[in-house]
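In the two assemblies presented below, chain A is common to both, partnered first by chain B and then by chain C.
So, the complex of A and B:
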């Protein structure tokens, strides 16, 4: 799975689950997800479960940090690095 | 006895025993080390001019460091004022300014933002920045540097605080749009801790969870009960606290004996923790408080962890736990009604009163009022709010909880609802007015009304708003604005744009109409 595919599926999931009715173009690759209040703890958990299942990776508690999850771009980089290491 | 006296007493008896462990890093500290480290904090605070009766802020992540600063503050005879280090700096600055803290322990990476907000309020408390990038023990590094610069303080004794001296101030959501400080004394705290000792019969072999952050009143049990008895407290930080599988493995691997959290956290554990695959036989108590526990999740938890005893603890920050109810061994399959909040704890008196403070007959609805040792002194700097919160008569000074209850047979109380616009979510108190006040600050919003609704998964908050230009705002923009102006637990779940909000005949927002629109 390449970076563009991961970004697209992550963006679609976030729009559908946490931003119903939002215009898709408002959610950019750099929109702040955690510090911007879009992902709270429960939403983070749902997103992580989705990424684990769809991308075949396992995410540890210490990895649930802003540095990995605060934007669509960061998530895609993080998922790719996890895939590369497994 | 004082709250810091518990640590000093246990340090003499259990010097080499583990007092606290950080669940994520695995770092540990013995009773002897925690006592010494907190005494160094005490001596440093004394050297920079802190005196008994002062207030000292804590804006740090949950850690051994924050535990040691908390005890250092108590040992100097001051009161600690803990805040959520991740909350908007403007809110934290308001809290610290409101209660006039003399100094604040703050995570170095957040110090500039906090200093900036304090300056806006013309407040200049001394910031004591602790830098985690210095290594794993930022407090020891900080103290060593300060001691090298200023010379070692004369090693002193800890303050002999009086029972009525303030020990901590916890801020809760306020209906006027600003949080209010609940003032609690050593006696308030120790009377509750002693009740926990009587009820849980802990000993030095126990291992307690500490899931709640230190600015949340559940932390009083987590911190002081284990340390009074020479037990070990397992500090669960922000990141692990959101990860149910991680928490479940900590319960099993650390062989926790007492777990205490909100039902929301337990529900996460039930649904996503994989508890059925873990060995959690060491658990002897599962305690929960702060909100109603949906019966279907509680039943499932009891099936997964059948050997533990389950206590529903009830009480607002102003009294801490004041009633409790032990959940029966088996829960009927067809039961959906939540369990009662139970009978009054042995260290309080409870009664049910009407609007005028008269007792209502057993079986009738009324407001639960509490008196006794754990009841707060009052709200910091809010004498009118304080007097409005109490009913005083010949039988004593009674804190009006605002909770409508019914007293059943055998003195067991059942919660029926609130008499005002306060709701509880994830254990936190939320005044819907505080959310509205924050959103009114948005330049594009002209009218706001927040309502709460109870769902099977808990309480959700919906905001109706009208905008100045008549157009709906981007949901991303609304969420971003809330994240910057409200703590995370207050963020609304839903937003609904309206051309205008419905009004009553007296031109006030018609909340009943909004609720019907749902």
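So, the complex of A and C:
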């Protein structure tokens, strides 16, 4: 799965689950998700479960940090690095 | 929100920051705003003197720091933090008379112990052994904290050291196990010895990873200016806190209708403004040195759900618990299903929060606090958050992107939920702060407001709903998402800050009318009467924020208190406990240091010169009874007003027809009406006075009830029929919780006082003694005791009024100390002068034959 695919599926998931009714163009790759209040702890856990299932990776608790999850772009980079390491 | 001057760059990219242009204008703007902030904190006394010293160090340091290349800024910040510790502990300031070089020993110990702890985390041994070594060091320090081991440092060290290490060591150890790039020495020193901690012990948790990764991760002028904004916002929180503290606090015993009930339920939560204000100042200060930390306590009164409240209030704590407890347990339990994992992890997170709050209490105060209120508070909050989280997990929650608005329907729902959450959290907080569970439940038996004001509770509730609901609606509609430019932000803060500083200047505020002047006095004066202080100090955070309440040594370091012990009279050798009425007597022929002066007690148990028991022929004898003002708390033996009055009367005795005047001081600190009745009956009359002067100041009835309850519970109050009658009629069980008893006795307050006054007057009359009731206010007293005055007159007292005794003087110049509102020597001279004049003017009531003698030089 390449970076563009991961970004697309992540964005779609966030729009569907957490921002229903929001215009897709408002959620950019650099929109702040954690510091912007979109990804709270529950949403993070939902997203992690989705990423683990869809991308075949396993995420550890200590990896749930802003550097990995604060934007669609960061999430895609993180998922790719996890896929590469497995 | 300030619009960034340039786009953020990825963390760790130093080249961009190195190449960042410097702007002298921006430097002036930020330094000027910081100077304004220091002036505001100083003029309004918003915090301790220690904060002012730290801010001055920060301002001087920042002016240099701004021009340093990035690679030197972090080491410079660490050095500045050490300088702040030294400045606070050595009390360095413009007046070198107050410097305390012995404080540098404590400062050095903080640094040495800290360095040892940091060194343990980096020992070249297995991770498990390092953790074990840290636990061993922690146990050793805990033993010293409990005074099991003698230490070469004072107790002032503990809260500061604890705030730096008690949680950060846990976070740091968690991170180093996984860190890919070892933290530099500067990073470690800056993290642990963080500049603001020396004056804010209640800021222990910062995530190490965030601390590192947020360092200059955005435009630096944006980071600095946001920091300035937060600091001023913190000042606003502290100002509102002071106003609530002075004007809104109500004791459970005083709750008599639904309006009082609403007030009682809300004020404890509002007092959290103190914590949120200090957190804003701390994080703002850290931003000035490049740490782009997240905003904490963001509009927490406007939380739209319990999970939202948990996310908004102290996000540093929330992040800590999520990282250390919640996520690890959730991942461990999720094999049993999402809901099981969610419920278990949430409950465990709150259980850990409760335990760790006790752990924090131990390190800051040296004791443990396991109370039912505390445990139930955290567990009820846990259940509310868990139920809320389950609901959100299933049905989601309404979110919006910054700048976007919710629909009117969704916004109205959000506003409604916000009001509900505010009400529930307020109730929960008041429960947490109550002195006992029965006391909290007892306030709900409040009767309704009758007559024309019966709609008042509804109006009050509607006002509360509007104050919370309208801003919540505005937020949900995205109206508050304006972006300000750097220039506009500087202009706004500078103009508002300048206005606030101007209003705070003594020469200006006194010209702005009584309302402004009184409000400013409320903001500047943190003191409350003893009863209200006791009431306030029940709250968890009040107990930890108010350093003076638990660590006198650190309070001295903070420049707030002189080195003398400032004990209550009952805790000195001058006082002996009777277990009856009055509850204490002064110990005959004792002497001791009390509130900065040596106090002597004569052979009869009076703070006075020696007298024969019976007056000599031709002597007119006056016995004065009253509380601590009469005793002369905080002034020397020869400075009490009764002594000065006696001296002045005797100076003109030759022309008066009396050979001598005796004024006997039966005043004892903490006496109230029942104690005074007892001492008059048991002791005063035996000295054959011609007159008894019974002194009172405001807020008598609540204090009287406190003492009455003690006397009821030890049985001594039942020597009086009127006490027995009230207990019988009301069905009060004197074994009940004292706070519940006080609530039940409050409606009988006037009746009790009337009975006591009547008995004093009857007793005096039987002995042929004239009884006078005199109102003598405390120095900063604003209320007038109309009820007590009326009851005294109805009982047959001759009533005299000294309410204007301090008129024309700045009351701040007449108090014993900033934290003690008893009159000082100058105040006692004013009282003696005014009392002399009042007695001379009322010669029809009291024929003392006093001459209109000119005041002595120097009085």
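The rule is short, and it goes like this: the second predicted complex is superposed on the first by the 86 of 86 C-alpha atoms of A that agree within 3 Å, B and C clash if a C-alpha of one lies under 4 Å from a C-alpha of the other, contacts with A are read in each partner's own complex, and residues count from 1 in each chain.
We adopt the following convention: contacts are C-beta pairs under 8 Å (C-beta built on N, C-alpha and C of every residue); 3 or more make two chains touch, one makes a residue touch a chain.
A quick note: this is a predicted structure, and the numbers were derived from the prediction, not measured.
**Q** Quick one: is A:27 in contact with chain B, with chain C, with both, or with neither? Answer first, second, both or neither.
**A** The answer is both, since A:27 touches chain B and chain C.
**Q** Tell me which partner A:62 touches in the superposition: chain B (first), chain C (second), both or neither.
**A** both
**Q** Touching A:73 in the superposition: chain B (first), chain C (second), both, neither?
**A** neither
**Q** Under the stated touch criterion, which partner chain does A:17 make contact with: chain B (first), chain C (second), both, or neither?
**A** second
**Q** Using the superposition on A, tell me which residues of chain A are in contact with chain B and, in the other complex, with chain C.
**A** The overlap between the chain B and chain C interfaces on chain A comprises residues 19-20, 22, 26-27, 31, 35-38, 40-42, 45, 49, 60-62, 64-65.
**Q** In their complex, what parts of chain B are in touch with chain A?
**A** Residue positions touching the partner: 24, 239-246, 268, 272, 474-476, 479-480, 482-484, 488, 491.
**Q** What part of chain C is in contact with chain A in the complex they form?
**A** So the residues of chain C touching chain A come out as 11, 174, 178, 209-210, 213, 294, 307, 311, 322-323, 326-328, 330-331, 338, 342, 389, 392-393, 396, 399-402, 404.
**Q** Where on chain A does chain B make contact in their complex?
**A** Residues 19-23, 26-27, 31-32, 35-38, 40-42, 44-45, 49, 60-62, 64-65 of chain A touch chain B in their complex.
**Q** Tell me, which parts of chain A touch chain C in their complex?
**A** Listed in rising order, the residues of chain A that touch chain C are 17-20, 22, 26-27, 31, 35-38, 40-42, 45-46, 49, 60-62, 64-67.
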